[in-house]
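After this come two complexes, each holding chain A, first together with chain B and then together with chain C.
Then we have the complex of A and B:
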């Protein structure tokens, strides 16, 4: 019998707000954070809606207590990670073996994009300082230093499943008795690079996205960060406030089908969910809520839906895609949705799947469309499926 | 951890309109009809039915074709188990061939079909999907073929018991220039008992630089001069 891994704290920043409280308020009011682009400079400003954190870099830097010259990814990461640590209420974490496992997919690309226009005009121009935090790991290092975490620092970048994999890896580090405390999750800022890339793939919705709708048109990109603080039993017992839940199951599987598309039957999604259930020892009918990957693309939603149809046949739990609120935050999505999953258990919440008007004809279930509270939630399944066929499912369980 | 004895059990080369397996010429097209035409001819000569080939960019086509010839008559997935087969590739031009073609398409409508090939390690994905491999893999970009690095990396995977067999080597394609040199490395000697050492890796690589021995006993490399820099062009 392996020892449990507890979730002691959560922190989140997204288009819904800069902290857990503001995010919860928007979720309860059923107000999405997606709209006209106000902060990113892009040719798509008036054509593609995005889910931006409603602050410029100076304001974010003020919240993070970091330099406004750093990558927006690092600022978002620091804000949510600090909230998670404060929420965990660990008075002094350095006597413990503490780690920071953070995911992202863009790194300091926003600053690299600031560098290039000048450089392309004249290769003697351009602020080289804008390039030094380009790679994904540099962003993690900046934030780890800011938090004062030294024992273990790693970065995971596996597209849209990145931060779910960071949480899975963190749980394993604690189970193997390598670390006592891990702040795990991820961050991503909106950049031209990602917006143009997803636009090339023709999967960006020109309107507000409609995940799991028969007439869905694609996804809206978002930005943000989400972290959970995972602790060992020893640390959990030392806390004044007992953790509300554990991470009871996790699994990563691969579709091995296509660079960016899921297999029609959702092989990878199915294997990830099935593996997570097996690890938690739970039958499918004990899952009380599924936080869907639910990007709103034709391909994801039918693949994920088909896998759920097979696995949960006869008992379809309430489910929804909170990307209808936050947009798809890529490397941050698994972290943000893990935070929402933990809050679902703590506070008995089920979030709505916004803008659902025509349920998908090929699926025998319909996602939740209304915010509900006071629901007894024991186990939540959270899905994060990425390009490269990289599929991860996490299960959080009430203690 | 001690290093097991490792052998190159098969090698496959594609270069200058010709395909060689274990030094033996198995396909040649003269004059080769450009990169696109030649790759199509090699595909047809394989007599396999894999329509996905037509969707691939040229780097993937080259890697696919070289692997098909390398693994012909073998069922390594069954022999070793799909999780025990590694793929470690290198080249000089990354996915530049696909990048340039994609960049060209951006002037009109950016092509999603080309965009998804703008990473070099996609070739590993295509080979893995074709054969069902799920083992360790990595793609490294370096200016020249670095036999020492390949040997170190692959040997390390064997030492750590991460692989029982490994496909490794060089797959590079840019415009009308292309070259693939792939090795199948195993713990059991092949018919030529070619040890997986620096000398044999380099000698095989040199074969692809125009010094082909077209007789079937070409595995005798004694005629090959040690110089690595005769081919010229951008490969070196």
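Then we have the complex of A and C:
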């Protein structure tokens, strides 16, 4: 017996805005959040466009009601998690077994970057308060404590698929009656560490990225956080506002091809999508929209596209990469895109794939290029793939 | 869940060796005795791996070999700190070279899921792959993921491991936080549980778990129970009572307790009071004198407990309560907490 897992609320902060409404507005206006670096301090300021949340740490701390000295990742995480909980409208979540499963890729690295230069000069120097939240788990812990969630707190880090895995793990904890409510998703702030890391791999676009374009040049890095509130049937029934959708399928598979590159045929992507469909019991032609991983790198888009070509042969649902709006938010991307997927079902939306000018010649389909609303959407597939061959697909379904 | 196999790379060269003459710390740290990697990993791949990746991959391969399994149904790792050496290397170069002329290798290997990814790559394993990075419960979360995956019948066996490394920098920094003893007091002091402070530790332990028993299991993992930041000792006792109810057991059924006494007085008193509350005469043995203190040290305790049940032998070192000694225990309770924030109970039973 599989008990359903309901989505009771969503929360998001990204370069498009600090809440769901602002994100939706930018998506509808087809306005990307990518541009010149204004908040991160890096030598790449005028050469690499980024998708920053348009607030400094003091402003974010005000929104989060937390200290501005904390890692930007914790502030982003708290803002989106609180919005998700408020959206769920659970009057009291503490009587329930409530969990916080969050993902990120570099924890409090933004603060470690402030600490390290002094430490390199003298290993007894450097302010420890900038190092104390270095661990990925420390960021989650700060937010869990702020939310007052104690029953289960964990952090997942599988590169760019991190928060999709957090949602998958959380869904399983509810299905097996281990928890009643889980706030699940992820957060990542832009850091010099990741920007330079991706830059050394020569996959950062010096212009605005063009996912799934024949002439794509790479990705733009972004930052943000996205969470969904997953609840059991019992909790769902107690809410005044009935949840609009469930998570009906999820699958994690590994490409086992290369530490950073995807296999040409997209083996891992194919297995993740196929597994998620199998679990949901849906044939491929029931999927109404695919939120692509679609980073804009040569390698990802052809691997993901090839896997979709094989799996969806004969019926290609509308699809798009919302990373053309938000940039690639790494550990937050699966969470942010899960929120967009749920909103797609709730509000009947299909988001455009911005800046697509020449469709990829090896693929028999073309992503959506215009914002559409009023579309009946029953099932959405969301893809998140990452370094280490980590591939995860989630399926959200209308009730 | 059945522990079909367990393997560890730790400051102790083997279970047999630690029974006879356990390795002792150098100053305030206990570092791993690394095996001959060439025997388990392709030489070309070893060169490209950092120390933590080598240790993790080798322990995983050893575990699969012991479990006579070539392709696990899932690979799940837990690490609090991740790949510190490569993170530090990339960060240092980035600062020293002012974000110029950087190479990608250290960045690629700094990702927290590198160990799990390299195991998958080596095995060409397309199955489930996940990595948990939550401080002192990283390993417990990985185990929970594995157990729930087995219950969902998404896999028939899962490979789960905990791993954390000491680097010179991590030791310097964690020492500045005051986590370890200052004096180079000798090994006996840990044995005697005098309060000199903890020793820095590291290691990796991997387990092959299955919902089905085989005729050669190390032990059965009957239960895992975790809780976070208890505010009082009483709250710990309440959690333990719930765990016993779940297990349908009473304290009498437990033959031996393995506790996470680290040498830190503030943290050790929690174990002392706990032992007193269940039965002051209950045989108990520590493990952190063997592996040191680190966020995923409970994976070493699980490895130790599995080996005690399989062999019937209990280490002489680290005994906390000798008043009631026991031979060949059948049921072991592991109780560990990290910094009094992340607490875990494990119930292990002989097969």
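Quick note on the criterion: the second predicted complex is superposed on the first by the 396 of 399 C-alpha atoms of A that agree within 3 Å, B and C clash if a C-alpha of one lies under 4 Å from a C-alpha of the other, contacts with A are read in each partner's own complex, and residues count from 1 in each chain.
Following the convention adopted for this analysis, contacts are C-beta pairs under 8 Å (C-beta built on N, C-alpha and C of every residue); 3 or more make two chains touch, one makes a residue touch a chain.
All figures in this text were calculated on a predicted structure; none of them were measured in a lab.
With the two structures aligned on chain A, chain B clashes with chain C. When the two structures are aligned on the shared chain, A:375 is found in touch with neither chain B nor chain C. One of chain B and chain C touches more residues of chain A, and that partner is C. Judged by the touch definition given at the top, the superposed model places A:388 against both chain B and chain C.
Looking at the shared chain after the overlay, A:260 reaches both chain B and chain C. Contacts of A:25 after superposition on the shared chain: neither chain B nor chain C is touched.
When the shared chain is aligned, chain C comes close enough to touch A:178, but chain B does not. Of the two partner chains placed around the shared chain by superposition, chain C is the only one that A:193 touches, whereas chain B remains out of contact. Within the superposed three-chain model, A:86 lies out of touch with both chain B and chain C [touch as defined at top].
Only one of the stretches 19-27, 163-171 or 217-225 in chain B has C-alpha atoms clashing with chain C after the fit on chain A, and that stretch is 163-171.
Taken together, the two structures place residues 197, 199-201, 254, 256-260, 388 of chain A in contact with chain B in one case and with chain C in the other. Residues 197, 199-202, 254, 256-260, 388 of chain A are the ones that touch chain B when the two sit in their complex. By the touch rule above, chain C contacts chain A in their complex via residues 75, 80-82, 87, 90-92, 94-96, 98-100, 102-104, 107-114, 116-118, 120-121, 123-135, 137-138, 141, 144-145, 148-149, 151-152, 169, 172-173, 176-177, 226-229, 341.
Residue ranges on chain B touching chain A, taken from their complex, read 106, 110-112, 115-117, 119, 122, 125, 128-129, 132, 134. Partner chain C is touched in their complex by these residues of chain A: 42-44, 105, 107, 112-113, 116-117, 119-120, 123-124, 128, 131-132, 135-138, 140-141, 145, 150-159, 165, 169, 172-173, 175-176, 178, 192-193, 196-197, 199-201, 252-260, 267-268, 271, 386-390.
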